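Multiple structures follow.
Next come two complexes built around chain A: one with chain B, the other with chain C.
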Partner chain A sequence: MRVQAIGITKRFGSDDAALNGVDVEVRSGELMALLGPSGSGKTTLLRVIAGLETPDSGRVMFGDEDATDIPVRKRRVGFVFQHYALFRHMTVFDNIAFGLRVRGRERPSRAEIAARVGELLRLVQLEEYGRRRPNQLSGGQRQRIALARALAVDPRVLLLDEPFGALDARVRKDLRRSLRDIHDATGRTTIFVTHDQDEALELADRVAILNNGILEQIGTPDEVHDHPASAFVMSFVGESSRLPATVSGGRVLFRDTPVPVTAGIGADGPAALYLRPWDIAFTSGPAGFAGHVVMVRRAAGGRRAEVALDGPDAPHVEVGVPVGASVARGENVRIEIRGGRIFPA
Partner chain B sequence: MPGGDSGMAERAPDPAGPIGSVTTEPLWVRRILIAIAIAFLGLFLLMPLVAVFFEALRGGWAAYRASFDDPDARAAIALTLTVASIAVPMNLVFGVAAAWAIAKFEFRGKSLLVTLIDLPFSVSPVVAGLVFVLLFGAQGLVGPWLREHGVQVIFALPGIVLATVFVTFPFIARELIPLMQDQGRADEEAATTLGASGWRTFWSVTLPNVKWALLYGVLLCNARAMGEFGAVAVVSGHIRGQTNTMPLHVEILYNEYNLVGAFAMASLLAGLALVTLAIKSFLEWRFGGSIASAPAH
Partner chain C sequence: MRAAGLSLKEPSALPGFGLSLGYALAYLSAIVLIPLAALIYRAAGIGLAGFADVLGDPRVLAALRTSFGIAFAAAVVASLFGLLVAWVLTRYRFPARRIVDAAVDLPFALPTAVAGIALAALYAPNGWIGSLLAPLGLRVAFTPLGIFVALVFVALPFAVRTVQPVIGEIDRELEEAAATLGATRAESVFKVVLPPLVPAVLTGFVLAFARSVGEYGSVIFVAGNLPFVSEIAPLLVVIKLEEYDYAGATAIATVMLGISFVGLFLINLLEAYARRRLGHG
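Up next, the complex of A and B:
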């Protein structure tokens, strides 16, 4: 089921708009991440798609059907809440069966319900837990039950609000994998909200990045990481350092020295130069910029040296340290800029 | 020293012991505080309670029993039970509705509603009773119209029920609002996304989440409904055998120097209070988590 949010604007009270004309299209069968810092409007967008919030303007389309005015209970969405919202007085079985039992006239028979719940418990690998109560489960298990409960009603789209937010790193990793597996097995259009870029880049087919209620960019993880559309995306996704630069006659200058950046150069004037750690390298020659190492830290993929450049403002940059290179804190070094991206200041 | 020992037992979970703990007062300070507390409780709570039962049974068991054979006494008991059995269910419905509206929805005038719910706590019950007399009495605003249609409110059951409902209104709502606010809306939203109607969500999700707090509120509401004096005294008219509730009957008997009868009736009210207290303590002990606040996720 293709899901579209078209020109969604939502305002709470007199505050700034939580969402300001956001357009997102989620392709059928896609796993989409809504990524952004807190307050960016990502959860509001998810709730608008679910029907839990009514947009001030804009439409929500499910396939070719306009779902904007369909009430939540008829919209057939599966929603997994950040804190699971399991019914605490019901067993796991009853929680999962809830959506089937409230169907009224089309309600399946007892045997059908039992079979469906059993199937879902197997899907989330908690077959033995049907008789437990939510408070007898770990956080990761509750999350799986919440997922099974949402899937029980055979939703047209699965929506997850910060699904791994409250879990520790290891459980989170397992759950990411099982969400991906379940998604691949059922092929259901899935949208999840996260503030964790690693989660979004690792798990999603495409990522929509929101900031201050505006959609900054939508694209595959590679696109948003390698070809960020805005300074915000550049700084929010992946590591980067920012240097004040100037654009003059189609060239980018940092401290009057040309920098090898060619794409995205705008009009003359001050600009912001963003550098990934591998856009900067240590150099032994007289070229480049002098500075000293403030800190060396271990990042997931390798080591990073934080270098304070000599001169006015002493800006800090993060440099990727090659394997085997020795860099010590306090050491005087020279760096050269080999690439980067330029955005309006 | 028994008093001191029981005081120490309360502090047993402190593994460091009394010495070295910053917040622990010297032994003699603790003993004096405990002694003051016990003396106060004994003087103002325990002794009156004992006195009620002592006076009630002063004439012996037979006299105690006989005082309930009086038809007026029976009428008073019946009236109190009737009033409570109307007022408590009404406040159950009002209280749940108000708490649900306040905790789960945003609307204009919400803070005004919250303030209004507390009004019966801040208004003197006598004033509350007078308000009903002014509204429904013979010279009141709607009293004459009601009288023409054959409805008597003041000096009759409806007036007593109205006054009791007014005075006991906050108990259930006050008990539910903080709990429901704490639980938030996610459970209801989850039920709705799963296709449940509002009614179904209320019965299957909202109500079970607050049932112990609700029972607790009903209990307090009932105790107050049966014991209410001031507001009821104003609207009842003290017609023996007709509009006398138990507390009013106690006063009448006492003023007639029928001490055994007065205290026998009072002992029933005191007994009710003790039973309420026992159930309340049990609920707090057993379901403390779901009364004070939502259980941890």
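Up next, the complex of A and C:
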């Protein structure tokens, strides 16, 4: 089921708009991440799609159907909350069966409910846990049950609000994998909210990046990482350092030295130069910029050296340290800029 | 593994257990246990035969039935009505909310005799409410119904105040989850919201019931106090005292104490069971 949010604006009280004319299209069967810092409006957008919030303006489309005015209980969405929201007075079985039992006249038979719940428990790999209560389960298990409960009603779209936010790193990793597997097995359109870029980039087919209630960019993980549409996306997705630069006659200058950046150069004047760690390298020649190493730290993929450049404002840049290179804190080094992206200052 | 709660001699990072337990026991003894023991001691003075005599009196039995029966009914109604009041006060924002919230406590503060006189005046056949009910053939003041109204009045704050904080803690997401799963508002309230409130409602019921059984001041003004009809057991105790029948008075009091203790104990067991069933710890 294709899901579209068209021109969604939502304001809470007299605050700045939580969402300001956001357009997002989620293709049928796609796994989409809504990524942004806290207060960016990503959760509000998810809740608008679910029908838990009413937008001030804009439409929500499920396929060709306008779902904006369909009340939440008739919208047939599966919603998974960050803190599980399991019914703790019910067993795991009863939690999953809840959505089937409240169907009124279309309520399936006992046997059908039992079969469906059993199937879902297998899907989330908790077959033996039907008779337990939520307080007898670990956080990861609870979230799996919440997922099974949301899937029980055969939702047209599955929505997850920071589903891994309350879990520790290992469980989080397992659960990500499970979500991906379940998504691939069922092919259900899925949208999840996260503030964790690794999670979004690893898991999602496409990522929508929100900031201050505005959609900054929507694209595949590679697109948003390698071709960020704005300075915000550049700094929010992946590691980067920012240097003050100037544009002059179609060239980018940092401290009057040309920098090999060609794409996206705008009008003359001050600009912001963003560098990924591998856009910067240590150099032994007289070229480049002098500085000293402030700190060396271990990042997920390798080592990073934080270098303070000599001269005015002593800007800091993060440099990728090649495998086998020895860099020590306090050492005087020279760096050269080999790439980067330029955005209006 | 050492058994928690039995660790009298274990040094603790947070000292004060011995002191606070000792103080609590001494206080409890002086204020509660010693007077109760004295009561039972005095009552025991008349012996089993004396007890049988007092309990064989139909007037005493009628008074006990009136007291416990009406207190039970009043506690049930106060619990349900209190749940509703607590719900409205916690969940909705309306102009006079704070005033209504404060008014709930008035029965706590009001001398109960004042409440009884006020209720009697209101519900008397020529009173504001009584005159409206009279054409319907309904008499409240000076009947068992009057006792019921007075007991609901004094018991209500207990029911409201025990449930209110628990309602405040209900996670909104639970109702949202129920809604996304297709539950109607009524299904969400009765299947998701109310079941976890059962232990708190039972606690409120216990307090309301205990208060109602012992209530004296408000009831005697509105009940009419007809033997075998609207005479409550505490009044009978006072009557016996005025007749210098101390043994009879303590015997009735002891029986009331025994019934209350068994009743409250059973409800507490039920509450503990509900707490476990509903997944509270």
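The definition used in the following text is that the second predicted complex is superposed on the first by the 345 of 345 C-alpha atoms of A that agree within 3 Å, B and C clash if a C-alpha of one lies under 4 Å from a C-alpha of the other, contacts with A are read in each partner's own complex, and residues count from 1 in each chain.
Throughout what follows, a contact is a pair of C-beta atoms (placed from the backbone, for glycine too) under 8 Å apart; a residue touches a chain by one contact, two chains touch by 3 or more.
This one's a predicted model, so the numbers in the text were calculated from it and none came from an experiment.
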item	value
Combined model on chain A: chain C and chain B, fit or clash	clash
Contacts of A:102 with chain B and chain C, given as first, second, both or neither	both
Contacts of A:133 with chain B and chain C, given as first, second, both or neither	second
Contacts of A:265 with chain B and chain C, given as first, second, both or neither	neither
Contacts of A:89 with chain B and chain C, given as first, second, both or neither	both
First, second, both or neither for A:229, with chain B first and chain C second	neither
Interface residues of chain A shared between complexes with chain B and chain C	50-52, 72-79, 81, 83, 85, 87-89, 98-99, 102-103, 135, 149-150, 152-153
Residue ranges of chain A in contact with chain C within the complex	50-52, 72-79, 81, 83, 85, 87-89, 98-99, 102-103, 133-135, 149-150, 152-153
Contact footprint of chain A on chain B as seen in their complex	186-187, 189-197, 200, 204-205, 208-209, 295, 297
Residues on chain C engaged by chain A in the complex (per definition of touch)	171, 173-174, 176-184, 187, 191-192, 195-196, 277-281
Residues of chain A touching chain B in the complex	50-52, 72-79, 81-89, 98-99, 102-103, 135, 142, 149-150, 152-153
